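By letter and in written order, the chains are A, B, C and D; residue numbering begins at 1 in each of them.
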Amino acid sequence: MKRIGVLTSGGDAPGMNAAIRAVVRKAIYEGLEVVGIYHGYQGLIEGNMEELDLGSVGDIIQRGGTKLLSARCPEFRTIEGQQKAIEQLRANQIDGLVIIGGDGSYRGSMTLTKNGFPCVGIPGTIDNDIPGTDYTLGFDTALNTVIDCIDKIRDTATSHDRTFIIEVMGRDAGDLALWAGLAGGAETIIIPEVDYNIEEVVERLKSGTARGKKHSIIIVAEGVMSGSEFAAKLMEHASIETRVSVLGHIQRGGSPTGRDRVLASMFGARAVEVLLTGQGGRAVGIQNHQVVDYDMNEAFEKNEVFDSIMYQLSKELSI
Amino acid sequence: MKRIGVLTSGGDAPGMNAAIRAVVRKAIYEGLEVVGIYHGYQGLIEGNMEELDLGSVGDIIQRGGTKLLSARCPEFRTIEGQQKAIEQLRANQIDGLVIIGGDGSYRGSMTLTKNGFPCVGIPGTIDNDIPGTDYTLGFDTALNTVIDCIDKIRDTATSHDRTFIIEVMGRDAGDLALWAGLAGGAETIIIPEVDYNIEEVVERLKSGTARGKKHSIIIVAEGVMSGSEFAAKLMEHASIETRVSVLGHIQRGGSPTGRDRVLASMFGARAVEVLLTGQGGRAVGIQNHQVVDYDMNEAFEKNEVFDSIMYQLSKELSI
Amino acid sequence: MKRIGVLTSGGDAPGMNAAIRAVVRKAIYEGLEVVGIYHGYQGLIEGNMEELDLGSVGDIIQRGGTKLLSARCPEFRTIEGQQKAIEQLRANQIDGLVIIGGDGSYRGSMTLTKNGFPCVGIPGTIDNDIPGTDYTLGFDTALNTVIDCIDKIRDTATSHDRTFIIEVMGRDAGDLALWAGLAGGAETIIIPEVDYNIEEVVERLKSGTARGKKHSIIIVAEGVMSGSEFAAKLMEHASIETRVSVLGHIQRGGSPTGRDRVLASMFGARAVEVLLTGQGGRAVGIQNHQVVDYDMNEAFEKNEVFDSIMYQLSKELSI
Amino acid sequence: MKRIGVLTSGGDAPGMNAAIRAVVRKAIYEGLEVVGIYHGYQGLIEGNMEELDLGSVGDIIQRGGTKLLSARCPEFRTIEGQQKAIEQLRANQIDGLVIIGGDGSYRGSMTLTKNGFPCVGIPGTIDNDIPGTDYTLGFDTALNTVIDCIDKIRDTATSHDRTFIIEVMGRDAGDLALWAGLAGGAETIIIPEVDYNIEEVVERLKSGTARGKKHSIIIVAEGVMSGSEFAAKLMEHASIETRVSVLGHIQRGGSPTGRDRVLASMFGARAVEVLLTGQGGRAVGIQNHQVVDYDMNEAFEKNEVFDSIMYQLSKELSI
């Protein structure tokens, strides 16, 4: 392993730049050369890359987005596309790759690993939905962005005695909704992992009102339904009027939190260490407070872990 | 004038609490008693009020929303409702009122002034749409909230070479869209004051692309159309794919900026000074860097002022 | 256990209010009564307390500081003081206590536990220096406050080619300095756990300069020496001119981060659960990603845990 | 005027990058070429400069510090240094200059203007101490940074019943201290423009305590004395114990507020417009809500303007 590549793929997440920095600096510290590949697998296929030195990752640890840019790449799913990527790796004398992204990005890398270009994955997505790691890069930042929004919306909810529905990101995983809801003091949290019961939601709202609670925040993960669909249900079932706020893409941006920067630094360094052993098909993560690497295939399994204690707690504390 | 009341009415805006604090403290400083009326005119009609002292407005200068709560009050538009309000003012020995809110709130107060209860208005709305004052309370805070969102969305726009449409508040006034667009470096700003030409917008986007610009931010004031309607137009006219982000209610909340707190303090103090002279039907504001008070009727006139220089500048700087 | 008390003691930390809220709501959920004791042990001695209900902890999850106030209490270290406290507990029919604070606050509670009033501790301090828990309440918020300051100072360091020394809190533990230094991209981190070598620091600065690095950030934990002392050393040893910034008390305030709010919620709930079993002399914490409770005496042992991997990483990534 | 230069000089201030962007884009919009000069007058003397295009100022509007870097330059105060600068301007065919900085930076430019290279100044300093403009670039951002710190410190002041002294920047001008003090609800504000009376300060603190006020914030502008000197005085005169926080360099950094970005955009555009008329020795500013340009010599006069109404107001509202 003399020369490695690094790319970001899939949706951008805060902390990706900090991870790129860590990969580059750790690699150089270990005597490797590093090539930055732009626009994810698309850039790999097109040979859109350049060598990175210590200075090229200066002043990026605090930036949102990804300096290496990202893109979807349908072509890479074809055998022809993969062949082109392999040729580029050969032509550019790249011996291994660090892939920063979600599980889709991981999958793409398996072909490369099988073809003799070991790849190591770093989990970069605000959704916190990659099995094998307790946290993904960007989750902590997105969490803080969402609670900042909840705090702002609560100002108006309180001032006007209103119930707000806040739709947050999370197609398959409700982590962001659950954490943000608990941290934001939301009265009700609707997530993909738990079937909701509209009657129970209505009951909760009404009993709150009966006790003198005049405003309420409901968090809905987009994977369950949209905020406005949920609003329609509340109106239909119980004539409860609500306002809807869809947080949207602001959840994906912003300067990473301290925690995300530290995680990114540790993940980046570990990824380089794994590559140095010649291994591919591995993913790095944090498990029980320890940075680990594990078989990437585990990341494709269905995530069975759901923090039901936390969900229950959110209910108990928002009575 | 021995005892005055203060209420907030209409949509809440950051800085309302700072204004309440200033009214209360200035009034007490001047030897007056102050009554806080809850839920706007609704609370006035219902007699939902209590006397405020120095301590009751401690630790609120930095809080969003309004401690006095707000509400719409259709009843106050009826003669019967107004009569109840007047009776409450009499019963509670309130000699004059400070009304913090938008132009709708101002209008309501005219009846009271005419009935011998002088009212002074403080402009509290993020829309910056009240004639007679260069700035309204909350505008500066909302501006900073919006540019913070633009900065975050730009991370993703840049990382993915995408064009984003960001819908911001502003039914009749494009100030928030214009200021935020200029401050956020938006490439295109669509506001009620200027007819947009979809062909020109498309042309701009295309010439940007031709020059190598791969992402773009378009700000649309809600008063023109929704973000998704504008996205549909771009798709229809030129097959330009965009993402839409509707900022929504987060624009109304949050801790007020330094500028909004200072403005609130000066407005609150001036409102009390005007009441002390026995005058009603006045509004306070800032004109050309000076705190002023003026005939409230001027606030109901159509706001002809539009900063076309600023609009032109936003175009020149986003080439 | 029918009625419990809760107090905050020692230096305030972000998340204390969220923990108070969790204790109160969980307790009420479990059918207990809760008494809030003001000003820590001082208020306990003086009987300065009142019953809290669901509403009394509304709208505090996001607030810095502590609603219950805090104070040092030398009197509580005397037998007489402790006797008074016990009498107050009896008089107010309080069966057990939740103590939110640092290790000094924990120690105080041991006497009460021994006298039949079981106490459970929640670690609240930004210093992250309580053995038995991976994180204390407030640490994550302080971390983000510090890196926000580093980011700001880096603007000037970069613009002026200057080296800055930033002094952060941490008498015995360098966690805040180490995490913030790594997350802030600091070139050098000086902490109590590792003897620094001034020659090595100078060498690092000089080799950085030789490679074209024109500015540098040095983080010094206050427990090692003050920032200005370190500046004097650099001047004396190598005539290196630096600017010093002492972050001071801003590190202790501010709205808690999502992580601190979630931790506070889980800690508060667990503390009540432990009390419900009748146990005292326990502390709650988080170990390897799991909320735990453990013998409070373990919290008084010397913390041998130091993350030397993280320290080494900070060096490798700031080359 | 075919080709202009732009440089930043003196202490950096938030908004400088937004001003650079505006100068560059407006100039290119008007058909001019623009040269960015690094490290202020030092870079001018050394010929450290390069041509800037539209893209070179992309993505900087939101950044603190200055992309063009800054430096003190004693050499430029010598005739020899000025001669070198003039030669560089000739050699690089630069016809005029935009100088972004404080009054010291303005002074330096007068020599160049006299030698046939018209210079226009943009006020960039957080101190708000340049006569002829109501606001300087960076003031609004620094104001918000300071009140954010005050809000944080108030958490601890309140929780511990303490009095804090906060030292803020401002050698000759107390604007930052006054605005931040008013916006932060400080009980006492000590600024260069008003002689303080230690007995009166003590009296205020004591009467506050007598009324039940248990914590207090005192803002001291560094130009009066240091925070610790003031603390010593309070201890000496009345045995009042306080804590001191020196905000230091964090006041100079950070992403500019919306207001500073808009001001920077308008100032930059106006500076180019003035240069296009061939005039030099002018400064741009904002007066009574209007962007203006005026004879630079006015900026060297003693600033007699002091907002005594605002100072009085701060006293009345903090009773």
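Keep this in mind: a contact is a pair of C-beta atoms (placed from the backbone, for glycine too) under 8 Å apart; a residue touches a chain by one contact, two chains touch by 3 or more.
Which protein is which chain? UniProt says A, B, C, D = ATP-dependent 6-phosphofructokinase.
Everything quoted here is computed from the prediction, not taken from an experiment.
Averaging C-alpha coordinates per chain and comparing to subunit C, the farthest chain turns out to be B. Taking each chain's centre as the average of its CA atoms, subunit A and subunit B sit 35 Å apart. Rounded to whole angstrom units, the spacing between the C-alpha centres of subunit A and subunit D is 39. The geometric centre of subunit A is 28 Å away from that of subunit C, both derived from CA atoms. Each of the following residues of subunit A touches two or more other chains: 151, 154, 158. Chain contact topology: the protein chains form a single closed ring, every chain touching exactly two others. Contact between chains, using the touch rule, shows up for A-B, A-C, B-D, C-D.
Taken together, the subunit D residues at the contact with subunit B in this complex read 21-22, 25-26, 28-29, 54-55, 59, 61-62, 134, 140, 143-144, 146-147, 151, 154, 158, 179-180, 182-185, 211-212, 255, 257-259, 261-262, 265-266, 269, 287-290, 310, 313, 316-319. Across the complex, subunit D is touched by residues 8, 11-12, 14, 39, 63-66, 69-71, 145, 149, 151-156, 158-161, 164, 243-250, 252-254 of subunit C.
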